[in-house]
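We just call them A, B, C and D in the order they show up, numbering each chain from 1.
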Amino acid sequence: MKAISVEEAVAMIPAGASVMVGGFMGVGTPERLLDEVVRQHKTGLVLISNDAATPGKGVGKLFDAGLVSRLTASHIGLNPKAQQQMLANQIAVDLIPQGTLVERIRAGGCGLGGVLTPTGVGTTVAEGKRQIEIDGKAFLLETAVRAQFALVHAFLADYLGNLSYALTARNFNPVMAMAADTVIVTAEHIVPVGVIAPDHVVTPAPLVDYLIANE
Amino acid sequence: MDAQEIIGRRVARELRTGHLVNLGIGIPTLVANYVPSDIKVFFQSENGLIGTGPIPEQGMAHPHLTDAGGRPISALPGACTFDSAMSFGLIRGGHLDVTVLGGLQVDAEGHLANWMIPGKMVPGMGGAMDLVSGAKRVIVAMQHAAKGKSKIVRKCTLPLTSSRIIDLVVTDIAVIGFPDGKAMLMETAPGVTVAEVMAVTEAELVIPDTVPEMTI
Amino acid sequence: MKAISVEEAVAMIPAGASVMVGGFMGVGTPERLLDEVVRQHKTGLVLISNDAATPGKGVGKLFDAGLVSRLTASHIGLNPKAQQQMLANQIAVDLIPQGTLVERIRAGGCGLGGVLTPTGVGTTVAEGKRQIEIDGKAFLLETAVRAQFALVHAFLADYLGNLSYALTARNFNPVMAMAADTVIVTAEHIVPVGVIAPDHVVTPAPLVDYLIANE
Amino acid sequence: MDAQEIIGRRVARELRTGHLVNLGIGIPTLVANYVPSDIKVFFQSENGLIGTGPIPEQGMAHPHLTDAGGRPISALPGACTFDSAMSFGLIRGGHLDVTVLGGLQVDAEGHLANWMIPGKMVPGMGGAMDLVSGAKRVIVAMQHAAKGKSKIVRKCTLPLTSSRIIDLVVTDIAVIGFPDGKAMLMETAPGVTVAEVMAVTEAELVIPDTVPEMTI
């Protein structure tokens, strides 16, 4: 793990990169990283996040700035800008059931090729997917998802990079922290080693590549 | 009593002590207000919490503690938090006793459509498909009709949320179940007759000999 | 959740039941429940556990008493009695890679039909299994595993049934607590509601059916 | 220096600061003793711990803190614990930089057999198959021969642990790699000649022009 500035961290992300961003309706999203992505105007991003948040908040900022070319999410209904950009074909959108989305990301992080889920069988979600029967019950084969970068927000990070999360700000963050080539983390508080008890660490330090340092 | 309160009160009567329950956005959210004080249920918010409490008092909201719509909530003593993989493991794995969702259409076979109107409203299904596929019981809480049009239809014309047959629909005028895969009128709202329900319902309803009045 | 005596809890388990038991080499195993299973002499058990522990410890006690008819595990090499019973065909043994075993149990608990894992491709483990290619890479389709009972050991349990675990005694316990029809828990300490902080609960209370009460 | 120390010291030189490393039971466990003090690695124990420390001092062992063999260990500051699903997510997901395992046979193509001897030893594969399938680098640490028989064989006769080609074998007399899928002699132990290694190796070895001596 390396502690770096937010400018340096975002400079590593090329235009057009695939980027997972933690958070759920802007809760538990690494806002400082997104502000810097906007400032450095990283265009054409392939975004993977639970939702599109709302304008001005969380990943919503990326739609405000027109930086997203493709979105994989479970819900975008509360962001009119993302909806407009989708309907105007400015961004391609893959809408995926939330439980399927998180399992696909988990599979990507855990070295699984995919999972079999009952969700979506018999609906439009099943179109183009392999359907597999197990003991007479139908499941969709949903494949693993990974990204080049994961932008993660934690509550506590220790000097080694161990992370813990607070309340509902945990959401997709720990799963995404396993599923990208490069994991960049912001934390509410950076604390000495040992402040987070071993049983309370949610994301082990070796998963974290970069921690945004205090200024 | 307005339509929403009738629905909320009637759905609340389906809950039992110890149940793990997920309430969708809109009318389903209201159910929490009508749970009898002697019934202790666990409410799950799919963004990662069991033990959701009411809106916090002025000045106590924490930006890291919200419902699935991003609105501040509180947590009751004994609450627990987890990541989205665990949250949907609970939902898809059959650990959720009851999910209460809104609906756009429910058809005579018990299929639910509630996540999109092609060409008009494409917000994404969020957790709805997992909830309907995975919960032990699926209860749809919605107005019986919208703009004068029955939402209990012969066959869903909107894309389905799941191929799974739902368990119960509670509307402002009726309770409908699906024994044997056919819509059956189980109860009517106070002051509403069976004939009145039939008149505003597109789907064919099985009508038992006696249709009790909702207790709310 | 209901608090009951260890005698009552074990009395619910019929002979021949499928039983998952948490623990790893006897660490984090609900010993009080196993002692009572032995005392009530529940025979013909279909046991699912990471390993066979050692004689006299953890699930090893079940082999000492000859109560196991079938075992699904990843390793039994440190229990000579289990090995003898396997070689004498007294018990049927399915040996499964540890990571595959835990994913199969997790799938069972999370409503997935199975997962695709690269582990075992090209080995004897692949025999009789469906092999699925994703983007040119081969995976084995490993199906979900569930049991009638899960016997789980926690460090803390609160009055509602929320559980937390200590150090390496966590292992298979939280995953098994999701994958059985009836979940029975022993805890080192039963504590008031609120003693386990929400972010530190690992197994949410609604998953627990029975907690073994203090005497 | 005995055979095990040679192997342990040489494998330790493969580790870099920041590496997440899993050490198997037996000779691999010894590697931890020889990591240079300026190299800070994370050791994972697959039963659910990163940050394993040495055997605790007398009276300090805790029954809930053991290695994968069930023996008491300690945890270093900054350690973290997790369940078995997470442990194997780390292993299978490519987050483990190095796994060091013992071996029964390694063949000329780089295949490893290390988990059973049909009819004789059927202990189960434990985590070995996931470790070999998932780790970024697989290093086998073993004696070059057992009972006078080469363990570096032409073709594995025992059941394979994985179809994945391992990266390095470190024995008491040689280091062998598998560039282009063929066993190549990379280094010899101090005082051991290339001819001596070839004489006790069943597999055909590619011999480069210069074969340096191990630094240990």
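Quick note on the criterion: contacts are C-beta pairs under 8 Å (C-beta built on N, C-alpha and C of every residue); 3 or more make two chains touch, one makes a residue touch a chain.
Being a predicted model, the structure only gives us computed values, none of them experimental.
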For subunit C, the least number of touch steps when starting out from subunit A: 1
Chain pair with the higher count of C-beta pairs in contact (A-D, C-D): C-D
Centroid spacing, where centroids are CA-atom means, of subunit C and subunit D in whole angstrom: 29
For subunit B paired with subunit C, centre-to-centre distance based on mean C-alpha positions, whole Å: 34
Geometric centre distance via CA averages, subunit D-subunit B, whole Å: 55
Shared-contact residues (touching 2 or more other chains) in subunit B: 49, 75, 81-82, 88, 91-92, 133-134
Numbers and ranges of subunit C residues touching at least 2 other chains: 103, 106, 110-112, 117-118, 165-167, 170, 198-199
Contact graph of the chains (line, ring, star, complete, other): other
In contact (per the touch rule at the top): chain pairs: A-B, A-C, A-D, B-C, C-D
Residue ranges of subunit A in contact with subunit C within the complex: 103, 107, 110-118, 130, 132, 134, 137, 139, 141, 143-144, 164-167, 170, 198-200
Of subunit C, residues touching subunit D in the complex: 24-28, 50-51, 53-54, 73-78, 83, 86-87, 95, 97-100, 102-103, 106, 117-125, 155, 165-175, 202
In the complex with subunit D, residue positions of subunit A that touch it: 1, 106, 108-112, 158-160, 162, 178, 193-194, 196, 198-199, 201, 204-207
Residue ranges of subunit D in contact with subunit A within the complex: 18, 20, 42, 49-51, 75, 77-82, 88-95, 97, 133-134
Contacting residues of subunit D [partner subunit C, same complex]: 45-49, 62-66, 68-70, 75, 81-85, 87-88, 91-92, 121-130, 133-134, 159-163
